Amino acid sequence: MKRRGRGIACMWYPIGFTVDANASAATVKVNEDGTATVLTGTVETGQGSLTVLGQIAAEALGIATDDVHVVSADTDTTPMDTGAIASRTTYVTGNAIWLAAEAAKAILFETAAPMLGVKVSQLEARDRKIQVKSFPQRNVSIGEVAHRSQVVLGQPAIGSASWNPPTVAMDPETGQGKPFATYVYATQIAEVDVDDETGEVEVLRIAAAHDCGTAINPMLVEGQVEGGISMGVGMALHEEMLFDANGRHINPNLTNYIMPTSLDMPEIAVDIVQGFDPTGPFGAKGVGEPTAVPTAAAILNAIHDAVGVRVTSLPATAEKVLTAIKAKRAAEVKQIPA
Amino acid sequence: MIDVTIVVNGETRRASVPPETTLLKLLRENFALTGAKLGCDVGDCGACTVIVDGMAVNSCLMLAGQVNGRNVTTIEGLATRDRLHPIQKAFEDTGALQCGFCGPGAIMATKALFDENSDPNVKDIRDALSGSLCRCTGYTKMIEAVQEAARVLRSESRNSSHTRELKVTAP
Amino acid sequence: MKAFGYVAAKDVGHAVALLGEYGARAKLLAGGTDLLVELKFAAHGPEIIIDISRVDELKDISISDEGLRIGALVTHTEIIRSPIIGNLFPALADAAHSIGAAQTRNLGTLGGNLITCVPSMDSGPTLMALDAQVTSASRSGLSQVPLADLFVAPRKTSLQSDELLTGIIIPKANFAKPAAFQKFGLRKGQALALVNAAAAFWIDQDKDSFVQPRIALGAVAPTVIRAPRAEAFLEGKAITDEVMAEAGRIAATEAKPISDFRASADYRRDLVAVLTKRALQSAYARASNKVRESVP
Amino acid sequence: MNDDTKVLEREQLDLAETLRRSDVDLRLPAVVPREPFPIEPLTVDARQQTHAVGQRATRLDGRLHGLGQTKYIDDLSFPGMLYARIKRAGIASARIKRIDTSAAEAIPGVMAVLTGSEIPVNSFGPTFQDQPVLADPIVRHAGDGVAAVAAVTEQIANEALAKIVVEYEPLPAVLDPVAAMREDSPKVHAPNSNIYATKVVRKGDIEKGFAESDRIFEARFSTQMIEHVSLEPHAAIADWDANGRLTIWATIGRITLARADMARTLKLPMSRIRIIGTIVGGNFGGKNEISQEPALALLSKKTGRPVKGVFTRGEEFTATTTRHPIIMDYKTGVSNKGRILARQIRLVLDGGAYCSWSATTLGKACILSPGPYKIDNVVAEAFVVYTNKTMTGAMRGFGAPQVCFAYESQMDDIAKALGIDPLEIRLLNAFDEGSSSPTGQVLHSVVVKESLRKAADRFGWEPRS
């Protein structure tokens, strides 16, 4: 018989480690037509970092994502970057690009101020224009300004910057300190059916509410959450590298290492929790890793809710769940007085 | 060496290869069609999926000799110069691919599904994608993309049959 | 892969001639889903691959006086889509659908699945529960044996090295015999059977009791096996949930599973009991629906 | 001419013929294929917005992904390129007594063979440089590489691997992390202790916290070793040119660090090394460091030709980093109302054969282990130990999924024992803006309660009586 259960799990996860140097550098060049080229040493590994970093540069310059080209991942041409790890790209590399874009924009403002007859501090970049704050009708296109900067004044609008989250060493005795710049938070709730004759667990749906500060690109945030959940489902129920007594790997293939297929994944509803971190680019933190954190816990709690057994070692294979169910039944029988 | 002649994406191609050459290797190395990917080489991951005579197959599990004289469609054969295939468009618009490595295989599996069933439900879609392992997306947006592509294709086929009728009745 | 020669057989005669010539030095290529994986990891390849995938005579699904014939090269997908099979033996289609994924079902063949003779094969149990016969051809002629006789040991069949499996026949007497297939894998998609089970039986409509019950089990012995004691228990019994559950428990005692990294023997026995019961229930439900459908 | 020579010549002829014929096909396809480059405009709405942040912009690389035109490493090839394969030890703990590569080198088409002794600095690693490019002479897990081959085809490279003879003296192996912590355990990196990093977080007075608690809950949780399973295997191409400049195309998410590692292992100035990261087909932490790249570089140097290496799916499991199994002991004191007053945690991480990112994982797991809760009295201690298994390293979450499983499982056990709704007990204990973390950090932009409520709303979570 199938028994239904629900389980909840929340978590915290750090963004921007500070125990070691964690720097990113970036260069933003505004081209003569007002489009921009970004140089970053990070690598696109599927997360969508190029898109998000392009959006950050575009926002800073008041242009569109499509106006930005991101050049990445070449040690000959791109600045150093600590890399595509630890959910740091949006936060750390994003900040570096933001600062670099601001530096390039400052050059544009220097050029534009006399064109518009105002002070630099009165300018803003919006809608592909440099305009006077509160008087947007007084404006000049970014392309025109960039062209003038580079071709007439000989001051190309190129900005370079680096950013490193402020570092506070931890006390080695007590571990007290500020090991991370900021944290994100999330909750996932899972609903499962447990077959009490076979121990099979079917994850029916997961509601996931994740904080990432400002969501630079909500579609990509959702994608991260959905993908993280699939890893969590595998961790909860199926995946395990097994070794024989001699330390040789038993299941080094995708036939016997059981990762979720499309038939094994639940319906997923993703909510992005409104958040804003003043230390991140436009309030953004990060989202890559945390998505995989609470899933297994939520599923195991749902199993507990469904059939009253606490599986304490992962993965909760059907055999393990059934063994626990049988042990529970045996214990209940014993408790009935003769 | 064996000689094979196959029709790939509408073009007749020939090669002379060792008998142990797989279809995947033939496509990638002899025909420079690198869209199909080698992910596991034993038919588990589906990254090498192509369509042979209308059926989605793991090209790593077929010998070149087996496809001699047959018709092969790869990811390179879906789009035309003018437009993306609606499946490709839907995958792009919904953000259904992240790292993209499983994409060509998943899209070809979807194409084969539509060739059989133009109005698949979610269960059909999950079944059709179950041979394409993906580690990035949890398949969620991929399933949305397939649903979206199915809608587009159905409405296109309705429109085109409507157009044909008009032509027939015109004097 | 190691180097090997390749020849494509044009028809059964050609294939049999080639087999006669090369025998154990050759490997037959039907769908290739198992063979290519084997070849990729083999220390030594075969001398030659005889590709029989174009032998059209072995791709038919047809009804004759003997019964339903399914050619050895019929793919799992063709079994799923066949109206004849869907009508007569939906359990066969269920079993075919449980194999791999679309890409492998499109390539993999019924004959290939049987001939690999792995205990966890999904085609075997249902066919065995339906008393299927296998047909083969060699230079010395045609022969036909019960499917159970084909399976000798893991990865070993009773076929000689020059013998070609040509297909299976389900006897006419069993047409539309209620049957069901159940499988338990470690996940839903692309699952290998941890245990699978098939049940088939006629129903005495007056007594609502089991007639000629058959139970076949996979992945719990060196080959696919029948569960004769469970069958004997069921014969003539009134069809109740308790009887079906008891048949499952008896079948579990007939299984001889091993413990490996996928599951323990004890767990597999538990699954035999559950899957046997569920196969019986499912076949019975299927039969009842059929009766209901036929009532105008 | 003796018979052996005849055979050799025939094989060489066959090979030459094979190469010639495949070359013919490569250069002169029967029909020049049509290359689809759709001119259809992108779905640009979101990408055209000048308020870019917050837009559901389609991915900049999405179009090429869907067309199958994204070039991953295995899609690249260069004239004269060779294929490399690495021979894996297949034994968990051993000393290499002898490697004989002569038979492999004699195979026509094998251009170079490399062993560990030829690597200028045969060690690397992001924290400790404890990992060899190719084991020499100690093998510490079955996936260790012992020799590398470059050949004109992958098939020939594989054949060569089979012809390399390695003689091992088996050494005692330790596979269980708890056993590995004992003094008398075999040492994976003798003579050093197997415990290679520790971490502690202490806050408040744990004994006082337990003394004040109404109930104390204790449990042990454990997790498994997990592989990243990026769909694209680890792949790289090395090209050491005549100017002595090395270019590497690699599936590495941290090219800055990779260049430093390459410079160190090869004793090359950094200015001579260029690392190009292509679009990577999945990372999840598994592609954060170099692996085969120094071997490919040296094979390229030996042969003067570009050398490509792509891991098999088997190597992805046995020869790359994985997620740490952790044994987690939790002791938690709570008031009858459900407030957590004290939590003591002990974590033992199975660190596998090499450190990789274990020290980072250890730190994150330890710091995060109490959960997102206001707890005044905390002690968390964590150890990571060597075992003779595949190395563990960075993987999405760096230890957080493991400890979350433990602290959230125990949270539900506490809720059940006290008769409190699981959502309520979390809301009762969760961090607020300005809460102090277990390391004493004052937290800002804290929205854990918001996430709890939002998920509960979406799910339709109703308290049960």
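Per-chain residue numbering starts at 1, and chain names A, B, C and D are given in the order in which the chains are listed.
Here is the rule we use: contacts are C-beta pairs under 8 Å (C-beta built on N, C-alpha and C of every residue); 3 or more make two chains touch, one makes a residue touch a chain.
Everything numeric here is computed off the predicted structure, so don't read it as measured data.
Path length between subunit B and subunit C in the touching-chain graph (shortest route): 1. Centroid distances built from C-alpha atoms place C farthest away from subunit A.
Set side by side, B-D and A-D show the greater C-beta contact count at A-D. A separation of 41 Å divides the Cα centre of subunit C from that of subunit D. Centre to centre, using the average C-alpha position, subunit B and subunit D are separated by 31 Å. Computed from the mean C-alpha positions, the centre of subunit A lies at a distance of 18 Å from the centre of subunit D.
Between subunit A and subunit C the centroid-to-centroid distance comes to 47 Å (mean Cα coordinates, whole Å). Residues of subunit A found to touch two or more other chains are 45-48, 219-220, 228, 231, 251, 253-255, 259-263. Subunit D has residues 42, 56, 58-59, 61, 155, 229, 279-284, 313 in contact with two or more other chains. The multi-chain contact residues of subunit C, meaning those touching 2 or more other chains, are 1, 3, 101, 188-190.
Of all residues in subunit D, only 42, 44, 46-61, 90-93, 141-143, 173, 175, 199-203, 219-227, 229, 252-257, 259, 273-285, 287-288, 313-314, 316-318, 322-323, 360, 363-364, 366-368, 371-372, 380, 388-390, 394, 396-398, 400-401, 404-405, 407-409, 412-413, 422-423, 426, 430-431, 437-441, 443-448, 450-452, 454-456, 458-459, 461 touch subunit A in the complex they form. Of all residues in subunit D, those touching subunit B in their complex are 17-18, 21-22, 24-26, 29-31, 33-40, 42-43, 56, 58-59, 61-72, 74-75, 155, 228-233, 279-284, 310, 312-313. On subunit A, the positions that touch subunit C within their shared complex are 197-198, 200, 238, 242, 250-251, 255-256, 258, 260-264, 317-319, 322-323.
Residues 6-14, 17, 19, 41-48, 50-51, 54-56, 58-59, 62-66, 70, 72-76, 80-86, 126-128, 170, 173-180, 182-183, 185-189, 191, 205, 207-211, 213-220, 228, 231-232, 234-235, 239-241, 243, 245-249, 251-254, 257, 259, 269, 271, 273-278, 282, 284-285, 288-298, 300-301, 304-305, 310, 312-315 of subunit A are the ones touching subunit D in the complex.
Of all residues in subunit B, those touching subunit A in their complex are 40, 42, 44-45, 94-95, 98-101, 125-127, 129-143.
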